[in-house]
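Before any comments, here is the structure.
Chain nomenclature is as follows: A, B, C and D, assigned in order of appearance, with residue numbering initiated at 1 for each chain independently.
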């Protein structure tokens, strides 16, 4: 049993998104299973789906001069995915008061087994590279609606 | 200050290897810095250099019917690498009694700054996919020499 | 005006398939446009869609001991694709009497402009690596139905 | 026998560069051979070595506001490369009067066999995306020295 990637904080439940993707030939290794280094791309698909669904994509932040570099990535590999297998990628944005995005991921194989899980931590940085101590206004508004269950 | 990826055990110091690599155009994103998902490849270069140097590569294990799936990957991103920047990748194999390989990584930019660090944990698995409880004989011999400082 | 990739032979019109794909962050370079080396992956998505639609995928051939190595790839780059742009990939299998697959591709941007076109030529090879002079029976049956307009 | 990628023009012989690279695990497919879509990266290594050797890299051109988009890529696959195989990549810049770079490539396996060959054609474009009819001054000077054998 894996420990949760983020401690539950005193806040609303995570925001969730999911998408699907089929394993490409270029993604499998000589053993016919997905090379471990492809999972950051799978997680990114989930993260972008979260962004699309809730208006939190890279472009929403860059429009206000904020970029979202990844500070930490963790991947736990549980069961390999195979060529042509259709996976489901789930991404959960966890509540956090700080100017950061904490996202947990689960990748499921075609038969529903958990293939991998993981997490990313993203900081908010201005265009000069300075770390933001406070999230931009649009995101604080978003957080207020999230906390109040108005999303 | 990052916490160490592996707790020091009662054993010999880590085995070390290093290699160099130049950032390719295909590895940088629209901001001109390396996309975070490339670092598993950088770590792999370090891991393979360890394998070459100490005779512990994938082929050494597969010759005795053992594969080395990665069970966990962690990457901490500290300072982005840029196009054409020459990095130095260091990989340290940490002592461990179990049938696993614990490797920590550091990637340094051309100016010597720490760009990223991280770790992988690899299990030892037989060709039927069964987890080995004991490392293959050649690796236990290797461990004996390592412990005795005879490498 | 580009010349056609394959000369029209005395045979039925090409078989067509199409799919969509969104440009990922990892696919764009420092100029914010797709790195030229990603297009083989885009073409492959079109080729696999052809395979799915007509039962001609890698697995259909490998089931009868035939692999389909690519012998030649050509890509013409006309207008760059951008991050998050949704492309349409079209793949046309051109009629050919020989034991080979001749496929032409067109990649269209979200606004319908032609972003790239190209072609692949695949040979048929047995598991010993020997070039087949004649396609496997299932594919010759398929060709017969194709020629007779019974697909 | 492959036809030459570029017709010999009335000019000096090609400029040549070469580099080495080892096949990474992530580059091979389920058959244990390099996936065909990796060769643009191999060619790029050769092209960048040409750039370094003769002062013709992306940065030399971008310093005078010129970018070098690839207009056409061709790859001929002759013999597959395997995991860990060390290849030699040769890149030849062919003489051309126009504002374009015509480069031919050869990739050799560890045993000296020709694994693949190919070509790229690059146009010269200004920062507004306009096609240059004349190469920038530094490149015309370079061409003059090339023609006169003074490189």
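Operating definition for what follows: contacts are C-beta pairs under 8 Å (C-beta built on N, C-alpha and C of every residue); 3 or more make two chains touch, one makes a residue touch a chain.
Owing to the predicted nature of the structure, the values given are computational and were not obtained by experimental measurement.
Farthest from chain A, judged by the mean position of CA atoms in each chain, is D.
Between the interfaces A-D and A-C, more contacting C-beta pairs are found at A-D. We define each chain's centre as the mean of its Cα atoms; on that basis chain A and chain D are separated by 38 Å.
One inter-chain figure worth recording: chain C and chain D are separated by 25 Å, centre to centre, where each centre is the mean of the chain's CA atoms. Here the CA centre of chain A is 32 Å from the CA centre of chain C.
In chain A, the residues that reach two or more other chains under the touch definition are 25-26, 31, 37, 41, 44. Residues 25-26, 28-32, 35, 37, 83 of chain C touch chain B in their complex. Chain C makes touch with chain D in their complex at residues 31, 36-37, 39-41, 44, 67, 69-77, 80. On the chain A side of its complex with chain C, the touching residues are 24-26, 41, 44-45, 48, 58-59, 84.
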